[in-house]
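Both of the next two complexes hold chain A, though its partner changes from chain B to chain C.
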Partner chain A sequence: MSIVTVQLGQCGNQVGQQLFDSLCCDAQDGQRKERCTASCERFFHQNMHGDLVARAVLIDMEPKVINQSISRAAKSGRWRYGETSHFSQKQGSGNNWANGFCVHGPGHTEVVEELVRREVERCDRLSGLMAMMSVAGGTGSGVGTYVTQCLRDIYPKSFILNHLTWPYGTGEVIVQNYNTVLTLAHLYKLSDAILVHENDTVHQICSQLLNIQQISFADVNTVIAHQLGSVLQPALTAESHGVYSRNPLGELVGALCCHPEYKLLSVSTIPQVPSASMAYSSFSWPSLLKHLRQMLISNTKMEEGIDWQVRPPAASERSRSLTAGSFNTSLANVLILRGKDVYSAETAGFEDPALYTSWLSSEEAFSVWKSPVPFNKYEKSATLVSNSQALLSPLDSMVGRAWNMFASRAYIHQYTKFGISEEDFLDSFTSLEQVISSYKQLR
Partner chain B sequence: MTQSVVVQVGQCGNQVGCRFWDLALREHAHVNKKGLYDEALGSFFRNVDSRKCNGEACVVGGRIQHLKARAVLVDMEEGVVNEILQGPLREMFDSTQLLTDVSGSGNNWAVGHMTYGSAYREQIVEKLRKAAEHCDCLQCFFLIHSMGGGTGSGLGTKVLSLLEEEFPEVCRIVTSIYPSAEDDVITSPYNSILAMRELTEHADCVLPVENQSLMDIVNRIKHMSHSGKPGSVIRRESTIISGQGGLSGAEKPFDSMNNIVANLLLNITSSARFEGSLNMDLNEIAMNLVPFPRLHYLVPSLTPLYTLADVSVPPRRLDQMFSDAFSKEHQLIRADPKHSLYLACALMVRGNVQVSDLRRNIERLKPSLPFVSWNQEGWKTGLCSVPPVGHSHSLLALANSTCVKPTFMELKERFTKLYRKKAHLHHYLHVEGMEQGHFSEALVSLSSLIEEYRLLDATKGRLMPDARRLHIAR
Partner chain C sequence: MQRSAAAVSVEVKQVIAALCRLLTTSGLESVPAPEQFRRAKFGGGPEVENQFWQLLATILQKCSIVSCEAIAGEHRKLVAAGLWQTGYHADWMYEQGGEEGGEGGRFSSKDLLLALGWLLASGTLEKLLTQRVEQLDKTLILTPTPVNPQLSNGLPLDSASLRRLQWLVGSLRHQGRTLLSMQEERTRLLHAVSVASLPSSVSSSSSDQSSTLLKKDCVCMQQLCDLLEAYLNWTQVEKVFWTWMDSVVDGHLTDPVVKKPVEAPNNRGRRCRHGNCGLEKLEDMLLTLPTRQKGQRRVREAPEDRGEGGLLQGRSDSCLHPLSGSPRLPSCPLVYRLKTERPVRYNSPGAHGGANTAEELPASQAAELLLQTEALLLERRDRQRLANRMQLQEMIGRLDKLVLIPP
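After this line comes the complex of A and B, so read on.
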């Protein structure tokens, strides 16, 4: 079953191209034919010349990035984008969510819907839709939200996953907090699951784990593509009964987003080492899983600098509302293991009820997916997709900054001139305070 | 890809404009090796095949035939425009883009704004419309003028209000050259303040540039290149004051200063024209840097000013470039933003610079730069891969900062000195359509602008409490 990806804005198109590249290389790399077929079927279709063509639609309000992505894909020699699967305009959205949502989005509804429809019809069976975008700018955030709304209307029974890239905390775009608030508040009502990557976190991975000196956006996007790829490549799940799962998005959403108030997902992968050191590194499942579990509990996104002091609260402490240090409570987790000896990996550590909120049993809260095929040249790798308090702190500080700015009404005139009112802002703030409150209460 | 139209008004405006077109051609010649008319060129130039009888513009992708600038040139004297038309750039402009008269405005804002403004209204609108029609997707008007004279100041601001009327959705970015204190035009304070009111009301952003700062920068570069210190020889075409490699031959007076402003315009549009890993379009500038509609004065600073020619001397560290952008020697008005309050700041980087360099420098400089409490992370960044001619990388910083307040206050003082005595007032009041009310309104507009900046300044250094968040009942 296939996933159709919609890439929106500069970030969405840059990360998307990197993702397809990483998926294609990985799929064709291994000698496992079955997995290769499943992966290619999920993300690509074959045109009459036998080339792999990504199941993707590229959307941007200005042409430069799309042109770049298309030519980079073609240069790889292994896959390309469909010749007509893109749509761009001449002038960008000016970092203005309102411009994207109220003007550009509605202005081009038919064209975009048609492009998606064509991709969907090419699939034998649609597993779901994934929209990739950033939240800081105008097109990814504004047009992306509008397109998600359209997709929800046209495909009410399909799973929609939104992949969001959050900007650096210290400003890439000054109005990024407004754009993020408006995007998240709207997506919460439309999306089934929201998977978030933060530029700050990925940047740290690049500098501390991968030892990259001069980090470029290409490096950042490669890490995001690796992490996202490790989630989306085919795996054997409890429900797939010995074959590669045909319903990846459905199972992800089913496992992780059982409650409409809790949709924010984060990803951690282990190991992440510079490619030069890979030949000299060896990994064991117990070590990998031990580190990953502690990363989850202490809310560290990398295998370095983990705080081993943080422990899940004892049963007696659970009933108190006191915060148990910096412990990160989960609602649900999906652990994905890929590589050698997966069947012998011991995952009981993740089934500990102390890790989870009290109103879900650990059987309901925890799932494991496995694949004996290694991913992206790592002999063994583990990925954790988590619905937990991991994003609470960045979300809270982002809303706080946006609120401070809103209190002085700075930049509001730029949004109101495109049709967003102060009321709309207040509604969005209210929705997000609700989400923050829900996650805080997870203990 | 979008297009921009440059409207140059008055003597100063046209001289700066002329330098801009020369340097733009040089930049594109440097980058565009194949001689194809590409999208980047298209943002400022039309490609016309003069063999076709109706002079229809050619589409993007073909060979360059005949480039015409997307410009409208306005001057009430003929001298400067005629010089352009006799110089090497003459082929770039055709007569439908020009508007001239003979007698000039006599350094009188009222003559420029009222008299010529109404007399030439239709013609101006027609020429603007023509230029706009040649554009596929017009994004921005760049207006270049000086504030101290009569034409640039008076007629220029009239053109600005016409742009707002006729093309309300198109961004208006105004480059205004402010007179220095020793300006030889006695009535320049009157002209400047009358013009300022128009800028505050009708422009989307204003890039104020002071003649004195340009002069200081020119002197500093000349001093550097003549100092004779070993390792201090500058690569000729790399300075931001040099026109080397352009079409025009010998340098004329004011050329060095005007080249700086031309480089400013080239850098501001670089990310819209060329590719990069973090694009910054022109409409994003106003969006991010203008938190309140009237506070749209953005102080520009350009670094580096030059590249050293001696390759055995290690290149100036990248980080030095970022530090320099905030030093007062590199600002294009005489101001010290480091000691004022920032409302927002944009960093437009060109060349081989990666996001980690950008982040490192922002982290490094942030503690010493005071930002307003509701915009502590008020940075807008752009990365363009194509560096300017003669450099491996460059940085343009645009600061919306209260450091403009002293500049405006000084201007107001010079105005008041004259106005108190009603000196030269009759020259203005004699002009049809001009009343004393215009003066007092302009003064009020400036005073309230200064007051807005003062109120923001007062919050500097004070610990502002966070706004109380919404409380969710459970």
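After this line comes the complex of A and C, so read on.
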């Protein structure tokens, strides 16, 4: 069972390269051969010389980042990208979603589809496709959305997971909120699940937990790759009967995103410590899980600054849940535990029905995956993938800012000249408002 | 008229033959010959009756409506019980006590024919077919039969249940996709195995084995094709069969009027015990209205005798005439209505079979009929408009000094 990754744009190509690096590193470090094989089958294939080749397609409108990623992978000596599985152009999308979606995407459909098809045909069984991109720029968001649409057409039965990197709230690109709104609204119709990393959150983790002074994109990407890797590496699930699950994307989507109105997933991982102090830290499962649970219900993205006052509302308070305030209601959660003594870990705290909506029982809403193999040098680590209200407030403020700009017709002509009309904008706003309202009603 | 009637009877015979073929290919033994159907319609006697008893019993058993194997004499009771479970009611079903099938005179093979019609119309045929297809087609992923296909009326319809339902549907869809991908993988592996093993093992025993398996599969596939073909043939001519069945019902409905008074005292005593007094009274009241009904029935039988499209053809004819612009409009709903209502008024054994055909056919055709009507009316409207416009222009042409500016 394999996953084919499509890396799109500058961000997607950087994060993707980092992800494969940490997956490969982790798989080869592990003593357990069984998991190593499972992991390699999932993300790599072997070429004629016996090298591990990532099941990935690299797409960008500029050659620079792709070349960097390819050479970094080759330099690692452990794995590489396929010789011909990349596509780039000379001219970028200029941070314009419309340029990517209406011009660059359609212009190169056939080449891109052919690249993906070749990768898919190399798999004995396709578990699904993962498209990695940012939502701020033009290529990742615009071309990425277009490519996702093509993938949906060609592989209607496959699972498609989109990994999105949300930009800093302060902004790298002036029209990033437009790009985000257009991307999210389109992907919501195409994708099975949308897994989100916010740059702001990851940045905080870098500065406060990992004590990094000068935070670079590489540091941010390493954190994202670590979190993503701990979700995607093989694990034992309830349905896999003692062998490593062979259907990672299907099980993730099936556990978290069965309802068409709820597709936004957030990830939090614990512990995260600087590699220098790793040797001096020790963790116990009860304490890790207690922290993780409180992070979930108080919607804190790291183990520092957790608000311990937040409690799940009692059954009687549920109906008038306006009082719930800062409590973060979940629709569904997947808890992934990796490391020593993993079978002794007690996860009952996450099975509390008060954490979930009234219309889904906690047995349906919560699942645990376990693996006795430690991940990425952490003796014990727990990752929570959550379909909850966690992304509601950043989404709400992003849509709000985009709407303010749209109300004053700022930069609209940049989009209309490529064929995105004001109607399209309004449609996107409408569908995102629906998403926001659905998540607000989650109780 | 005579010739067309003969042609119709030939056609009916072919249609019944198609049904028989379908029944046989869907795994039923002892299907009566088409000729027996005709004989049954006119009260074929014990030999024909026996064949139909047998057929009904096997159908009911195959569909697991009744479970136990029929012992020689018992299968009539079994059939009655099975029919009762499918919602069919007829007087003869209650009369069996001592006299085995109520041979006292009222019961005839026509009753069995009607019961068969009821079973076919209520979807038994499709059930049989599905069973047989599942037996033959080994590549099908067998879906477990739904536990409760009918949603109960007490189903909560609040938004929470709706969301939960949406979640469950999504979950099933994901599972389906996973299963599909598993099947694809299996196919691919099987293909790899067969490609790898083919050249080396042409004469080995394993290939013999696999070839017998293949032959078996081939036979299954052939049977499957035959079955589907038979079903296809049947669905194309089904209409004719139901028209014919309608004539059976009609024939049946005329009978009780004559026979009832002879049997009545005996029957009445019996049914009062079941608390059916009210029903009896109603029936008596209804029996005082035979003349009117007969008159109405004639209106409707006329097109049927013409055959061809039969029932529907007749109905659409009588409906469309008034629409094409004649004063006969009011008569149309009367005739149309009569069909659906009559079985209710007439609470006699055949009524249920009749009710079924009468209800199903208009439902499937009503939309078509309405569309036709709409098209006709639109066309008439357009023609009228055109005429009006011409007239107006003519009038304007006559008014020389007046200048009209069109809107």
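Following the convention adopted for this analysis, the second predicted complex is superposed on the first by the 441 of 443 C-alpha atoms of A that agree within 3 Å, B and C clash if a C-alpha of one lies under 4 Å from a C-alpha of the other, contacts with A are read in each partner's own complex, and residues count from 1 in each chain.
Basically, a contact is a pair of C-beta atoms (placed from the backbone, for glycine too) under 8 Å apart; a residue touches a chain by one contact, two chains touch by 3 or more.
Small disclaimer: the values here were computed from a predicted structure and weren't measured.
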Overlay on chain A: chain C relative to chain B, clash or fit: fit
Quick one: is A:T237 in contact with chain B, with chain C, with both, or with neither? Answer first, second, both or neither. neither
Just chain B (first), just chain C (second), both, or neither: which does A:T183 touch? neither
Please determine whether it is chain B or chain C that touches the greater number of chain A residues. B
How wide is the angle at the Cα centre of chain A, looking out to the Cα centres of chain B and chain C, in steps of 10 degrees? 120
Mind working out whether A:R125 is in touch with chain B, chain C, both or neither, as first, second, both or neither? second
Once chain A of both complexes is superposed, is A:S158 in touch with chain B (first), chain C (second), both, or neither? second
Go through the superposed model and pick first if A:Q272 touches only chain B, second if only chain C, both, or neither. neither
Check the residue A:S367 against both partner chains and state whether it touches chain B (first), chain C (second), both, or neither. neither
For A:K64, using the defined touch cut-off, is the partner it touches chain B, chain C, both, or neither? Pick first, second, both or neither. first
Between chain B and chain C, report the minimum C-alpha distance in the superposition, expressed in whole angstrom. 10
Using the superposition on chain A as set up above, list the residues of chain A that contact both chain B and chain C. none
In the complex, go through chain A and note every residue touching chain C. 124-127, 157-159, 192, 247, 250, 253-254, 257-261, 357-360, 364
Residues of chain B defined as touching chain A within the complex: 1-2, 39, 136-137, 139, 275, 277-279, 281, 283-284, 286-293, 344, 354-357, 359, 362-363, 366, 373-381, 383, 466-467, 469-472, 474
Using the touch definition from the top, list the residues of chain C that touch chain A in their complex. 160-161, 163-164, 166-171, 173-175, 177-178, 180-182, 184-185, 188-189
Help me check something: in the complex, which residues belonging to chain A touch chain B? 10, 14, 62-65, 68, 90-92, 94-96, 138, 168-175, 203, 206-207, 212-218, 220, 399-401, 403-408, 410-411, 413-414, 429-430, 433-434, 437, 441
